[in-house]
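Below is one structure, written out as structure tokens; the observations come after it.
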Amino acid sequence: MSTGRPLLIVAGIGNASGTGAATARAFAKGGYRVALIARNTEHLNRLVEEISGAGGEAAAFPIPEYSYTATGDVFDKIISHAWPGGGSTELRVALWNVDVNVFGSFLNVTEKDIQSSLEVHVTAGFAFSRKVILAFKENELDSAGSRGTLLFTGATASIRGNVFTSAFAAGKHGIRALSQSLAKEFGKENIHVAHTIIDGSILTDLSLSRRGDAAEAWKANPDLRLGAESIAKSYLYLVQQDRSAWTWELDLRPAHEKWWSRGIATGAPLSAV
Amino acid sequence: MSTGRPLLIVAGIGNASGTGAATARAFAKGGYRVALIARNTEHLNRLVEEISGAGGEAAAFPIPEYSYTATGDVFDKIISHAWPGGGSTELRVALWNVDVNVFGSFLNVTEKDIQSSLEVHVTAGFAFSRKVILAFKENELDSAGSRGTLLFTGATASIRGNVFTSAFAAGKHGIRALSQSLAKEFGKENIHVAHTIIDGSILTDLSLSRRGDAAEAWKANPDLRLGAESIAKSYLYLVQQDRSAWTWELDLRPAHEKWWSRGIATGAPLSAV
Amino acid sequence: MSTGRPLLIVAGIGNASGTGAATARAFAKGGYRVALIARNTEHLNRLVEEISGAGGEAAAFPIPEYSYTATGDVFDKIISHAWPGGGSTELRVALWNVDVNVFGSFLNVTEKDIQSSLEVHVTAGFAFSRKVILAFKENELDSAGSRGTLLFTGATASIRGNVFTSAFAAGKHGIRALSQSLAKEFGKENIHVAHTIIDGSILTDLSLSRRGDAAEAWKANPDLRLGAESIAKSYLYLVQQDRSAWTWELDLRPAHEKWWSRGIATGAPLSAV
Amino acid sequence: MSTGRPLLIVAGIGNASGTGAATARAFAKGGYRVALIARNTEHLNRLVEEISGAGGEAAAFPIPEYSYTATGDVFDKIISHAWPGGGSTELRVALWNVDVNVFGSFLNVTEKDIQSSLEVHVTAGFAFSRKVILAFKENELDSAGSRGTLLFTGATASIRGNVFTSAFAAGKHGIRALSQSLAKEFGKENIHVAHTIIDGSILTDLSLSRRGDAAEAWKANPDLRLGAESIAKSYLYLVQQDRSAWTWELDLRPAHEKWWSRGIATGAPLSAV
């Protein structure tokens, strides 16, 4: 067994109010060093300060863009990072949590929209996964029989194309396919790969800002929106699963959600249910 | 190659305004003898007369109930039927098109509802399939390389459980599973098994009667409802597929349908698409 | 908030070496009273003694058969049971873990096989679910925002019909459909319904006995078979999820598993991948 | 109703021994003008000659690469093409049949491999679809109630990521997502979008060359491999469906196929079926 400090890498922090940041906080609290990747340096630094202030170890790794090369480069920086806390570090968990906002009617989707969705969600995700898998292969098995866990945050659009989501869904479907390929290929090497279907709205600064007058009521009611900390708990659980019972995919939605991903819950005529 | 007249058996004729009857008409027109199974003798006889009047060969086989035994019995009667037209007959196509109306809120589902859904959709479907498979195994390959085609009419509820459909969906899921098991086991013996997902409302006397004032407009607009003859055409197509490219499952819905089976098309908030 | 002791009901204990028993042990350790339903009284009593000996509270409820009526009756007995430990009891978690061994080539499936698979997996599951939902509706929300969690143990055959599984898959598909219907209908009342896909072999006395000379090596290698305790941990996790992020379905398989449920991992020719 | 000659565009002809060429031949025989897009001018010209020689109308449109821009450009050339036969032409059917050979173990997948899979399968598919949809919107409804049919050739990898297919599956999943988004958004405008899952090996020069000594036996046995003409027939059928019953997706496999896409048919241990 290794004696190094476990390391979590999170790619996709946004403004630090969503899933990526919540996962970083949860794992930092659990003793992980956390390396944060995002495009916005200010948001990154704020989250690093917050986690450090709470007694955790975190470091910021800004990325200019989610290209194949830049993603590989930032990964290498993380691996060679000298953590102030000293001692050795071992990558044990990596989360690909990157999203691009490319919604809209198909005829409004531009060349740049679809290229961006594919490059950021999928191509950069391939670069990230390659580095992560190669690092995991160097690890010994941990006490649960794993060399490491690679996590992907998916969405309703990972399993459904829909009106307004053509470009987004193409990217999310593509990266989900990768997650399944990796789970099948590297499970045999005791590398755990998992994918979550977030089938509802996550409470973030952005999603809140869209609600207008309804924002406070929506925020206050966990039956209606996903809490990022709750998603983070599912990641903690997935990492703790022992090798005899690994999950590749699970769905997550608020108690009162309308089940966009698997057929609407209400409103369908009796004749079409 | 056989020189017998090809026979189609349809189980589930309703009042002769839906899929079963349309399929019988289409295959009769295509030169098949058609054996019709249903609970209502009057409806059966009316359809037999109609098909005979149009120059086809049809015979009615009333069934007291869709139990395992009664289904096997009626099948045996069909096989030993002496067709007035004479000559030999060979079962080549069979359609399991039986449905039970057991919709409603879960807490209103009775013991009888769920038992009825399972017995009619699934148990009787096993009895029917067994007889059909055994008969097909005696056939020579036809010119398309098939010993026979066993068809199942499915619904949105074949792939989605939903509010109001717990009992119905349990039965429809169960018989879909059978269709897949059979396709895998008997494809290797050149028996073709296919299942359709009807993902919308079919225009029938019953569905029309539920529409009230909107009935005529709905009936007149094929963008909004499935025509039973159009479903029958899909069965003709499936039967004609040659052995190098067989379909197990296809979905069917009107052009303007809302896609109940695979996530609603409109109305979902941007944040949950 | 209630002050009663939480109760777990498990239906389907087998010989106490599998998922049902492991779940009972895990929840008993977590402070739940556990009510055990199975057909074999001896196995039930042995498990009750074991749990009691370890400081837990358990009670045995033999059932003569998994019919609709018998399932409802045994449930009522559990609810009116006077626990020696005294105080009030509140049903908070229920697990439907019943399986019928009805494997084999389709033409060997008897009327009794399919009826048994449907009655035990589905009809009795409807009776169980009805009682559970009605009991949960009386509960207050717990600290995670739930009135209770209803769990179903599924299998590869819950989502794939296959050669040798026609009768088994029909039942498992049917009960999975119920779990989805219930999740959609009762999520809105803060009742959590979840379904697991066990996509591999669980280490039990029975599965071990089938391995012959390979049994010890297989037992010793958690990369190859699911541990029942690991499945139980997934149930603990599902129960602990808060209402903002509930899972309906997750899959579980050993690290080196071949992914029966979602297309085989190896062996497919390049031309068909 | 229009009086123009109907036009089929096929993108992806390969060496004219597969699905694209067979579809072109079938529709040419059915009275369509066919515009063929591929990278290899020689293969294109040979197919044009063959179709012309058989009395059809075909024209070759070489494309330097399947980029967004080049795909749009070649489409514009097709639309402005002066057909020797004269008269007006109306785009009625378009087939996206492009594939990139990027198979292999994940760690051997290069940046170029994944970028190529995404650009060719998905980005160019977005460019193609955009032009097609815009052209279809100008059409009147035909006698079946359609303004046009947009077809996509999918594969097992469209719905399963797998060992050796990470890059291929990412592209095929992405374009399948597009096909579903388009079907949902433009069904309402009477534009039919359909996607096929080819779940087995198609008999082509390439697939044949890989079989070595087994090639002739495999070629001779339609139970084992898909015939491209049979796939073409499914496209003819999809185009003929009337608007009351449109299929989005169907699967196609040889009679004796092992069902890669939906769980293997044989070989699974009883305990994991």
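The chains carry the letters A, B, C and D, assigned in the order they are written, with residues numbered from 1 in each.
Definition applied: contacts are C-beta pairs under 8 Å (C-beta built on N, C-alpha and C of every residue); 3 or more make two chains touch, one makes a residue touch a chain.
It should be emphasised that the depicted structure is a prediction, and the values quoted were computed from it without experimental measurement.
Chain centres computed from CA atoms place A at the largest separation from chain B.
Interface of chain B with chain C: the two copies contact each other largely through the same residue positions, with over half of all numbers used appearing on both sides.
Annotation: 44 Å between the Cα-based centres of chain A and chain B. Centre-to-centre separation of chain B and chain C, using mean CA positions: 34 Å. Inter-chain spacing, taken between the CA centroids of chain A and chain C, is 30 Å. Along chain A, residues 157, 160, 162-165, 180, 183-185, 257, 262, 265 each make contact with two or more other chains.
Listing the residues of chain D that touch chain A in their complex gives 68-69, 105-107, 109, 111, 114-115, 118-119, 122-123, 126-127, 129-130, 133-134, 157, 160-167, 169-186. Touching chain D in their complex are the following residues of chain B: 145-146, 180, 183-185, 187-188, 190, 192, 203, 222-223, 225-227, 230-231, 233-234, 237, 241-257, 259, 262, 265.
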